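As written, the chain order gives the labels A, B, C and D, with residue 1 at the start of each chain.
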Amino acid sequence: MKRIAILTSGGDAPGMNAAIRAVTRKAIYDGLEVYGINYGFAGLVAGDIRKLEIADVGDKVQRGGTFLYSARYPEFATVEGQLKGIEQLKKFGIEGLVVIGGDGSYHGAMALTKHGFPAVGIPGTIDNDIPGTDFTIGFDTAINTVLESIDRIRDTATSHVRTFIIEVMGRNAGDIALWAGVAGGADDIIIPEHEFDMASVAKKIKEGRDRGKKHCLIVLAEGVMGGNDFADKLAEYGDFHARVSVLGHVVRGGSPSARDRVLASKFGWKAVELLKENKGGLCIGIRDNEIVATDIVDTLENGKHHPDLSLYTLNQEISF
Amino acid sequence: MKRIAILTSGGDAPGMNAAIRAVTRKAIYDGLEVYGINYGFAGLVAGDIRKLEIADVGDKVQRGGTFLYSARYPEFATVEGQLKGIEQLKKFGIEGLVVIGGDGSYHGAMALTKHGFPAVGIPGTIDNDIPGTDFTIGFDTAINTVLESIDRIRDTATSHVRTFIIEVMGRNAGDIALWAGVAGGADDIIIPEHEFDMASVAKKIKEGRDRGKKHCLIVLAEGVMGGNDFADKLAEYGDFHARVSVLGHVVRGGSPSARDRVLASKFGWKAVELLKENKGGLCIGIRDNEIVATDIVDTLENGKHHPDLSLYTLNQEISF
Amino acid sequence: MKRIAILTSGGDAPGMNAAIRAVTRKAIYDGLEVYGINYGFAGLVAGDIRKLEIADVGDKVQRGGTFLYSARYPEFATVEGQLKGIEQLKKFGIEGLVVIGGDGSYHGAMALTKHGFPAVGIPGTIDNDIPGTDFTIGFDTAINTVLESIDRIRDTATSHVRTFIIEVMGRNAGDIALWAGVAGGADDIIIPEHEFDMASVAKKIKEGRDRGKKHCLIVLAEGVMGGNDFADKLAEYGDFHARVSVLGHVVRGGSPSARDRVLASKFGWKAVELLKENKGGLCIGIRDNEIVATDIVDTLENGKHHPDLSLYTLNQEISF
Amino acid sequence: MKRIAILTSGGDAPGMNAAIRAVTRKAIYDGLEVYGINYGFAGLVAGDIRKLEIADVGDKVQRGGTFLYSARYPEFATVEGQLKGIEQLKKFGIEGLVVIGGDGSYHGAMALTKHGFPAVGIPGTIDNDIPGTDFTIGFDTAINTVLESIDRIRDTATSHVRTFIIEVMGRNAGDIALWAGVAGGADDIIIPEHEFDMASVAKKIKEGRDRGKKHCLIVLAEGVMGGNDFADKLAEYGDFHARVSVLGHVVRGGSPSARDRVLASKFGWKAVELLKENKGGLCIGIRDNEIVATDIVDTLENGKHHPDLSLYTLNQEISF
C-alpha cells in the first residue's frame, strides 16, 4: 500500500488531532503518501480530500477538536453512499483508510471492509463506550475536565453546606461518571450499568449531614436520567434542596491530556503499521495496557464495552 | 477599636478566603483581635463565632469558596434579627464588623450601620453587580472560568461547523457576558443593558457562514433569557441548529485568579485601616484603579453599577 | 489613511494575537486594508509583508505567542535600517504602522515617527515595565502562570516543611514578583525597586518556623539577583536548606487570560481609531482604568514605569 | 488486624492524599481503626501519631502534597531506628502499616517486614521509577504539568523560531521525559535508558529548520545531564542558540489528575484488603491494568523498573 487516507467522524474528542498527526508522520516516515478527508464520511462521498504533508500536522498535537472537521452523515449507512465513498478513494488512488471516531464511525469502517476496501478504526470518543478497547481517545481529557468542574462545585457546596447533583456526559455508558466520580470523591455515583435505590441515596446524604459533612456531591451519568429529574425524585425522600449542574458540551473540547496524546499517537502509529502490510478490517485498541488490533466486524457484532465496575464498589467503600 | 469580626454572606466567590486572610492578618499586625463568624448573618444571630489566629488563615489564600461558610438568611432583614446580631457581637466584645458579599450582604451591613454598629462592606460576588466599585472579588476568576469553557466549546463548534449559544451567570448584570464574550471572541454578546435584535443576530451568523467561518459563538447573559429560549427564538430566523450550553455553578468555584487575590487582599487591608480608626458605615471598592471607601447607605440608595458598555461596541467592531 | 500594517517585536507575550486580531478586524470594519509583517522589524526591512483578511485572524484570540512571529533586530537602531523599513512600507502603499512590543519595539516606533512615518505603539510584554501604561499585554497571564507554580510549590513546601526561593522574570521590574507574591501569599517579596535586608528575611523565616508555620515562600525578582545567589546569601544567616525554583520561559507562553485578551482588544481597537485619523507618534496605554494615548517620544524620554509599591507594604502587613 | 497506621515518606507526589483518604475510609468501612503518622519514618520513631476519623480525610482528595507531611530520615536505615519504630507502633496497638512513597520508603517497609511487622508499600513518586508497578501515584499529574509547560514553551519557541532544551525531573528514570515528550511533540527525547548521538540531534534540528519548521523542542531527562551542559555540547555541532528551561519543583505539586486519584484510591483500598487479612510484606502496583500485590523483598531485590521504550521508537517515527 502506498497511499492512505484519514478521516474523523462523529463527536469530536480531544486527541483526535494527535492521532491524525501520528498517522500522517508515521506514514510519511514509512514512505507512504497520506490524504486528509474533511468532514468525515460526508467529505469522503463529496471528495473533499487533500494531500497532507509533514507541516500540515505541525503545531496540532496540543489542539482539541479535529482539524479535519467532523460531521454526522446518516447517508453513509446506505450501500449507495458506501460505494460512492470507495469510488472517491479510488479516484485519488487511495488504497487504505483510517477512521477515527465512535460507534457510528466504526460501522462506516466496517461497511467499507465488507465491500473489500481496507479500513482501520481508531476509537475516538470521550464516552469510552467502544468495544475492543479499555480506553478511547478523549476519555482521559474528559474525565479531567469533569473533575475540574467537580472540584469547583465542591467549593460552593462546602461554602453553603449543600447537595449537588452533577450530570455528566457518556451516552449510555457510565465510564465518565465512574472515573470522575471516584476521582472527585463523589458521595454517590449513579450509572446505567448498576441499579440504584433512591432511598439509599437519600439515607447516605442524611447520614453525612448528621455527621457534620459540609458537602454532598452526586455524580449522575446522563444515560440514567437528567439531573433535574433526579433531583425531583430525590426530593420525594427529604428536603435536600439539591442543586443541579449539567456539564454539557464543555467536556468535549480542550487541549488533550498527556495520556490521550500518547494513546492517540500509539493508535495512529499502529494503524499505519497495519495498513502498510495491507491489513484492513481491523480496529485498534488498548487492552491490559497493550496496543491490540481486532477484527472490526467481530468486535462490533460480538464485542461489548465493559466499564470498570470495581470502581463502583470501591466508591461505596471509601466515600461516605 | 480593639476587636473586630468578619463574615461572608450570599453566594460564595473565589477570593473571599484571600480577603478573610488579609483582614485577619492585617488586624493582628495592627494589634487588633479578630473573630470569624460562620454561616454569614445566620451564624451571627446564632452566635457561631470564634477567634481567628494567624495560623487559621494559613494555606487559605489559594482556596475557592469561603472557609467561614455562607448562608441565605432572610430573617436578617427584620429589625429583630439585626438587634439580635448586634447583641451577639457585643457579647463577644466585638466593636466592628467586616461583611464580604453581594447586594444582600451590603443591606445587612447597612442595617447594622443604621443601628449604630460600625460595619464595612467588601464587594464579593462573581456577578460584578455592586455599586461603588468597578470590580468585585470573584469576577476576574469567573470570567476566566467562563473563558476556558468558551475556548473548549470553540473546539467542538469548529470541528462540527456549528453555532453555540453559551448562557452565562450574572443575575441582572451583563458584565460576565461582556468580558468573557470579548475575550472569547464571541460573534455576539447579548446582555440586559443593551437591546438586541434577533434578526440581526441571525444575519450575522449567516454572513459568517457564507464567508466560510467555521464556528459561531453567542454569549448570552442569563439576565436576558435562558439559552434554550434564545435558541428557540433564533430558530424562527433560520435553520441554525444552534447548540446550547449553560455554564452554571461551575463558574462560582475554583482557585481565585491572581487579580482576585490581590484585589481581595487590598480590600481586606483597607477594611481594617478604616475600622481601626472607628470608621464604619462604609463600603470598599476599586474605582479607576484606586481603592476607595464610600458611604454604604448613599452607595446602596443612590449608586448604580454600570457595566463597561464600551466592550459592547468594541465587540461589534472586531468580532465578525 | 487607507492601508496600515502591524508587527510584533521583542519577547512574545500572551495576548499579542488578540491585539493583532483587534487591529485587523477593526481596520477592516472601518474600511481600511491591513498588512501583517512577519518577524518584527527584521521582516519589515526584508519586506516579509502580506495582506491580512478577516479569516487570517480567526481562531487566534486564544493563542499564546504571536502568529506574526517576532525577532531581535538590533540593526533597526541605525538610521539606515529605519529608512529601509520606511521604503518597504511605502512600496506596499502602507501609510501607518502598529508596533506591539516592549521597550525596544517602542524605540523602533519612535524612530519611524521621527522620520515622519506615523507609528503607534501598543505595550506588549509580560514584564509590565513600559512607561505610559499601568498594565501591558501579557502581564496578567504571566502573573497567573507564576501563581500556579507558587501554588504547586506550596504543596511541596508544606509537605516537607521547607523554605523555597522562587525566582521570577521581570527584567529590571518587580511587577511580576509583587503581584504574584501577594497573590501567592509569599512570606517575602524581593524586588529591585525596594531595598531589603537579608537579616530581616532570615528573622521572618525563623519566626514563622517557631510559630509552627509549615512552609515559607520567598518570591524574588530576577532583577535583584539569581535565586541560587540569594539562597547562598541567606545561608549565611542560618541553616534554612532553602530550595530554589527558577521560573523561566514557561511564564511567557500559554493562552492569554480574560483580562489580557480584553486589554489587547481595546488597545488594538484604539490604535486603528488613531491611525485612521492620521494620528501617529503615539503609544497606547491604560491609566486609571481608561484607555489613553500619549506622545511616544515624550513617554519614552520622560516617562517612567512605576510598580504598585503599595503592594510591598501590604504584603509585609498581611503575610507572616 | 484491628488497628493499622499510614505514613507518607520521600518526595511528595500528587495523589498521596487520595491514597491516605482511601486507606482511612476503607479501613473504617471494614471496622478497623486507622492512625496517621506525621513526617514519615521520622514521625514514626518520634511517636508523632494520631487517630484518623472519617472527617480528617474529607476535602482532601483533590489536594496536592501530603497532609501527613513527609521527611527524609536516613536514620531509619539502621536496625536501631527500625526497632524503635516498631516499638512506637506497638505502643499505639498498631498491627499493620501502610507506607506510601518511593524507593527509599519501600526499603523502610521492607525492613519492618524483615523484623516481622506487617507493612504494605504503595508506590508514590512522580518519577515512576519503582519496580512492581507500571505506574506510580503522581506520575500522571507530573507528565501533565510538564506538558503544560512544553505547550507554553512551544508558543515562545514558535514565535521566535527557536530551539529549546527542556530539562525534566525523573531522577535516573526517563519515564517523565518519554511520556511528556511524546505528548508534547518533542523533536527529540533524551533519556538515560537509551543512548543518543549529539550529531544526530543536531542534524535533526537542521533538517527541521531547512524544511521551515518554526520550533524545535528537545525534552531531556535530568538523569542524562543538565540542560545547560546539553546546550553547551549541542553548540559544538552548530550555532543553534538553544534556550534552556529547567522544570524543577513546580512539577511535584498541584491537584492530582483524575487518573492519579483513581489509582491512589485503588491502591489504598487494596492495602487495607491485604492488611485486614494479616497479609504484610507486600507492595502494591498496577500491572497490565490490574491491581497486584507482590512480595516486597523480592520486588526490591530482583524487580526492575522498565520504562516504556516503545515510546522512544514511536517518537522517532512521528516527530520530525
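Keep this in mind: a residue touches a chain if its C-beta (ideal position, glycine included) is under 8 Å from a C-beta of that chain, and two chains touch if they have at least 3 such contacts.
Note that the structure is a prediction, hence the values are computed from the model and not measured.
**Q** Taking each chain's centre as the mean of its CA atoms, which one is farthest from the centre of chain B?
**A** Comparing chain centres, D lies farthest from chain B.
**Q** More than half of C-D's contact pairs recur, by residue number, in one of A-D, B-C or A-B. Which one?
**A** Matching more than half of the contact pairs of C-D: A-B.
**Q** Have a look at A-B versus A-D and report the one with more C-beta pairs in contact.
**A** Output for the comparison: A-D.
**Q** Centre to centre, by mean C-alpha position, how many angstrom separate chain A and chain B?
**A** 35
**Q** Provide the C-alpha centroid distance between chain A and chain D, rounded to the nearest whole angstrom.
**A** Using C-alpha averages as centres, the distance is 28 Å.
**Q** What are the residue numbers in chain B that touch two or more other chains?
**A** Only 151, 154, 158, 214 qualify.
**Q** Inside the complex, what are the residues of chain B that reach chain A?
**A** Residues 8, 11-12, 14, 39, 63-66, 69-71, 145, 148-149, 151-156, 158-161, 164, 214, 243-254.
**Q** Inside the complex, what are the residues of chain C that reach chain B?
**A** 18, 21-22, 25-26, 29-30, 54-55, 58-59, 61-62, 134, 140, 143-144, 146-147, 151, 154, 158, 179-180, 182-185, 211-215, 255, 257-259, 261-262, 265-266, 268-269, 287-290, 310-311, 314, 317-320
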